[in-house]
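Following this line, the structures themselves.
Both complexes below contain chain A, partnered by chain B and then by chain C.
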Partner chain A sequence: MSKAFFIDTTVCTACRGCQVACKQWHDLPAEETENRGSNQNPEDLSFITYKLIRWNEKEIDGKLRWLFFPDQCRHCLEPPCRDTAGEPSAIYTDKATGAVIYTANTKGLNVNEIIESCPYNIPRASKDGILAKCDMCIDRVQNGLLPACVKTCPTGAMNFGSRQEMLDLAEKRLKEVQAKFPQATLLDPGMVRVIYLVAFDPMDYHDFAVASGYSRGITRQMALRKMASPITRMMRALG
Partner chain B sequence: MNVSRREFIQITGATAAGLAVSGVGFDLSPVKSHAQMLKTVYAKETITICPYCAVGCGAIVHTDKSGAGRAINIEGDPDHVINRGALCSKGAALKQLVENKNRLLEPMYRAPNSKEWKPVSWDWALEEIAKRVKATRDATFEAKNAKGQTVNRTTAIASVGSAALDNEECWILQAMMRALGLVYIEHQARI
Partner chain C sequence: MTNHWIDIKNSDCILICGSNAAENHPISFKYVTEAQKNGASLISVDPRFTRTSSKADLFAQIRSGTDIAFLGGMIKYIIDNRLYNEAYVAAYTNAPFIVGKEFSFEDGLFSGYNKETRKYDKKSWAFEMDANGVPKMDRTLKEPRCVFQLLKKHYSRYTPDKVSQITGISQEDLKKIYKTYGATGATGKAGTIMYAMGWTQHTVGTQNIRTMAIIQLLLGNMGVAGGGVNALRGESNVQGSTDHCLLWHIWPGYLKTPRASDVSLDAYNKHYTPASKDPLSANWWQNYPKYSVSLLKSFFGEAATPKNAFGYDWLPKVDDGVPYSWLDLFDAMYDGKIKGFFAWGQNPACSGANSSKTRAALTKLDWLVNVNLFDNETGSFWKGPGVDPAQIKTEVFMLPAAVSVEKEGSITNSGRWMQWRYQGPKPMGNSRPDGDILVELFLKIREHYKAGGVFPEPIQNLKWDYVTDGKYDPHKVAKEINGYFLKDVTIKGKKYKKGTLVPSFAFLQADGSTSSANWLYCNSYTEKGNMATRRGQRDAVNGIGLYPEFSWCWPVNRRIIYNRASVDLKGQPWDKNHWVIRWTGDKWIGDVPDGGWPPLDSLDNPNPKSKWAFIMRKHGHAQIYGPGLAEGPFPEHYEPLECPVEKNLMNAQRINPAAPVFRGDADAFATYDPRYPYVGTTYRVSEHWQTGLMTRPQPWRLRGDERRVGRSQGDQERRAGPGQDGPGFPGMHGRCDQTDQAAQDRRDRRPSGGLPVQLRLAMARDRKRRQRQSPDAVHRRCQHPDPGNQGLHGQHR
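The block that comes next holds the complex of A and B.
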């Protein structure tokens, strides 16, 4: 059954349990880090960091608001990275769950173009040109477990289930939250499998919180490859 | 051609929908993914309590059944009444108490006024600790206070720790410290 996350940032305390549980399950090493004057740590996602709580302090309506944004791959319904790569052995969508999966075959592809194509600025390359990002803990999900980040979340900010359940939960929470924060909104619920609920302007949380937030345009070449991709795939399937 | 990312996603959607309508009669997806095996599938499960704070969350330790029996995963215990599977960032990092190349594997000693730590043997370290504890305790032990009440204490030694001990280990530690007459006994989990 098609899966989705619902991330309720209004109850996130930025404990970073999800960030560490992700590293723990994937056996990823720690980042070299330094004090940059923010509690956000590390500074950004990387080849070895798939999940990151972004911290922002904003003054909204005369009040200091501490905004937490547990950033991760949105597992788009129609992922631009997959279509830009055009190589199903490198980037594909898992049929059962909808998870967008990267493999070691991303090596040798034009990784910068793939990174550029992501509206949420998620994929990161290793030094030798392999791409990595959140894999929805596909091994756990296929075996009936929750993704590590959801399992560990102490506040209920991270939720996981069938896409319909998550959409229903998101709508229900949105109504509750809007009573206190009229600006509250769901981020791109029709396009992604990771649905965020934020209480204020998404741009206050993160430049790439919503797909429309950051538009650099795409190249003609990328658009053409995108349109042609079903044909390319068909040709490949025919051998 | 300048297309925003949102439009880009929409183009893809439209292409996919077009394909569905045109009814290509075979599966275009060459990727056949099989269910992956969990890394914990053959592991032994042992339950434990997170030592880091006073909440006392339950965790499951997965250890390798074959070979060295090392920990391969530690995560929250869904059956535990306190945390129901959840763990904060410290709890989620529990595995590093045992599986971490930065762990010290032997006692280290820094002599007074020295800038250097040097590895020493357990025998030497334990004997040295015992000698110094005995010397300090003997020199400062008070059997009775100023009012003549029996106190049997030393206020010259304090015990702080340890955040990596579990509940039972902490009990043994504090029992030994009280037997020595310590009154300053503290633990990170109380803070």
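The block that comes next holds the complex of A and C.
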């Protein structure tokens, strides 16, 4: 059954348990980092960091807000990276779950073009040109376990299940949260398998929080049109 | 915690003050979040904006050390607006008690103060007694000298204007918070407090907690689900180690450490066993001798007999009036009065206040044994900054201890749940479980005493049968803690055989026929088995998340203590939806009740078989007025020893008049220096454990640090020239994130004119990279280049 995440940023405390769990499950080394005046650490996603809590400090309606955004691959329904790569042995969608999987065969492809095609700025290349990113803990999921990040999350910010369950949960939480934060919104729910709920303007959280947010360059714009096609088709069908 | 972690979800309003639960107790936020989803309000009051604050409905920035002013203002607000639960206050607290005429409060001092000793004579604080020796009461709370009226008078001075001036919180915000929290005084509502060292580590630490306890009592929040006074412990077994007498002034189970003036066991028991003449007061501590004698039997076994007062004379006594707490110990060590020191599972060179004094104190020792997972600042103090190893006489031994997962045993969490842990991997290398280290240590010591020595009896007579196959056996110790029947006995028609485990502390005796190394834990390991290993997932009938079959909690598996106060006089819960216990007409159901007696029924004509709700208090009532406290029966605001304000706006005393002050050459204080209008604070983060001992010594981190420290050191030298802004300290000490940040800021601001081209280019590249990847960080820096700018963005530097 097609799977999805629901990430409720309104209850995320940025404990970074998910970041650590992801490293542990994938047996990835730590990053050497330095203090940059932000609690966001490490600074960015990388070939060895698939999951990252982004921190933003904003003043909204006269109040200080810390906005936490547990960033990761969205596992798009129509992943532009896959289409840009055009090589099923390198980037493919797992039929059962919908997980977008990268393999070592990404080596030798035009990795910059693939990275550029991602509207969420997720994939990262190693020095020798292999691409990596969140794999939905496909090995865990195939064995009936939750992804490591979801399993470890103490507050219920990270959720995982069938896409329909997650959409329902997202809608339910959206309504509850809107009572307190009228600006609250779900991010690109029709396009992705990782549905975020944010309380404020998505651009306050992260430049690439939504696909339309940072769409510069031809590749990305084309990718966006392609990605949105399921929604466009749906809209047409609705009439 | 009077309640427990899961119970937080039952709260209607959560105040997090003096702690930063989201960062330091991340899992607690599972339940805070659940409460919020159910409509609870979250209030964060902190000198800093934290991850906890980021999730709060209300946040107020408080000046550090002004919590009593903040809470005192809340007491005034609750009384002025009649938000308190009058039925609860009148029935269960000492608010109706009449205080003696000698009691007074003036200029910030309570009656009985001695300026020379900085201590109070508490005699004048006593209650007025009736002819039967029971405190006089006015349940209508109107008598001018009843506790309630004195409380009202005391806090009438805590006006919004004054509290706002002292705390720095606007009157508007104060009112919002007071109103929101005060609303939990309504019947059926519950408010809770989550605090930690942000409240305890002050010169008014005890009274910080007391002020909150008063609020909880006024609002009827003690004993109820979603309420309580909840101390969040900073490590998985702080509660357990405190229960088992980590602190100098207590014996296991909160019995008192004997003083020199407690010359005999009888004198000791008499001193600490309270007597009440009120037949309705359970006065649970009247059982004190049963617990103290059972403890002595556990220490000395067969050697403890009635004839030798069960070995009471073999135990060390502390000098009267002399404190032996952490700061006192290191003060004595600094003065050269302590020759040897076991730093066991701690890192005082890093964690103690005034670390310079602490490290200097370590140089005065003859020997230091550091028992820890890794070497640390304490074990390596002799090669710390500014120390010449050749000048240090202290001999240091390192005993590597096993990690928690490498050994078996129990831990007790903040919610008093004793949970058994099993051994996973075997200990690495030469490291050993603490129990094994202790066993071998003691056996060696005893060997030395075989040939005699000064006062060998306690060593020779100590019962020490915790070894199986030459190794420390945690089950034997856990059983010892629970306690045994030492004779065949018949109690209430039931026979108990010698050598069997005591079912609960109600069976402990003062005649030496039982043992228990901690009466509070009696019931944890019985003939039914090790209760701490239980993992039952079934909730109790009230469905409030007590999970009574999961692990075990003291006392006697009571998950919410003082729960007799969660019901009205008829035994029916104040809160019908989250009820803790309920009287069915012939018995209590729900949680294990605080004593099985029937409900009081009425105050005018109470059921003679019943008992007042707060069974651990001598008079059976919770103490809004605390006549036994060192600083006075009501908390009062005093300024911290060092602070940026000139005087205390609340009274004529600047600092706590009863707080001990160290005056040695290493104890320098300064206050109200206009050049330093700052308050320094320490804090923990989610990412590091304790003093960082388990998280900092990552090989890649140390490597990174050396690299980084080396670089900023170079920067400093380039900037200031040698000798002016001396080099940073290499190694683990002397670096902290702030230092790195300062170095980074300096790098950013430095004009690049005089630098080599290559470096300039590298810097430009670096800037560009950061701009691209974290535009916000750079933006912030550009906007606020002045570190003195303490605006919004200065907060988390």
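Convention: the second predicted complex is superposed on the first by the 217 of 239 C-alpha atoms of A that agree within 3 Å, B and C clash if a C-alpha of one lies under 4 Å from a C-alpha of the other, contacts with A are read in each partner's own complex, and residues count from 1 in each chain.
Convention: contacts are C-beta pairs under 8 Å (C-beta built on N, C-alpha and C of every residue); 3 or more make two chains touch, one makes a residue touch a chain.
Predicted, not measured: the structure shown is a model, and the values here were computed from it.
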Touched partner set for A:Gly17, first chain B, second chain C, both or neither: both
Partner chain in contact with A:Met191 - chain B first, chain C second, else both or neither: first
Touched partner set for A:Pro182, first chain B, second chain C, both or neither: neither
First (chain B), second (chain C), both or neither touched by A:Ser212: first
First (chain B), second (chain C), both or neither touched by A:Glu59: second
Partner chain(s) touched by A:Ser38 [first = chain B, second = chain C, both, neither]: second
Superposition-derived comparison: chain B or chain C, residues of chain A touched: B
Chain B versus chain C as contact partner of A:Phe68, first or second or both or neither: second
Contacts of A:Pro154 with chain B and chain C, given as first, second, both or neither: both
First, second, both or neither for A:Leu77, with chain B first and chain C second: first
On chain A, positions contacted by chain B and by chain C: 15-17, 154
Chain A-touching residues of chain B, taken from the complex the two chains share: 1-6, 8-9, 11-13, 15-16, 19, 24, 26-31, 33, 35-39, 41, 73-76, 78, 83, 85-93, 95
List of chain A residues in touch with chain B within their complex: 15-17, 19-21, 24-25, 76-78, 80, 83, 88-89, 92, 94-95, 101, 117, 119, 138-140, 142-143, 145, 148, 151-154, 191, 211-212, 214-220, 223, 226-227, 229-230, 233-234, 236-237
Chain A residues within the chain C interface of the complex: 11, 13-17, 29-30, 32-41, 43-44, 56-57, 59, 64-66, 68, 154-156, 176, 207
Complex contact set, residues of chain C against chain A: 22-23, 26-27, 29-30, 33-34, 36-37, 49, 51-55, 59, 686-687, 698, 700-701, 703-704, 708, 737, 740-741, 744-745, 770, 773-777, 780-781, 792-793, 795-797
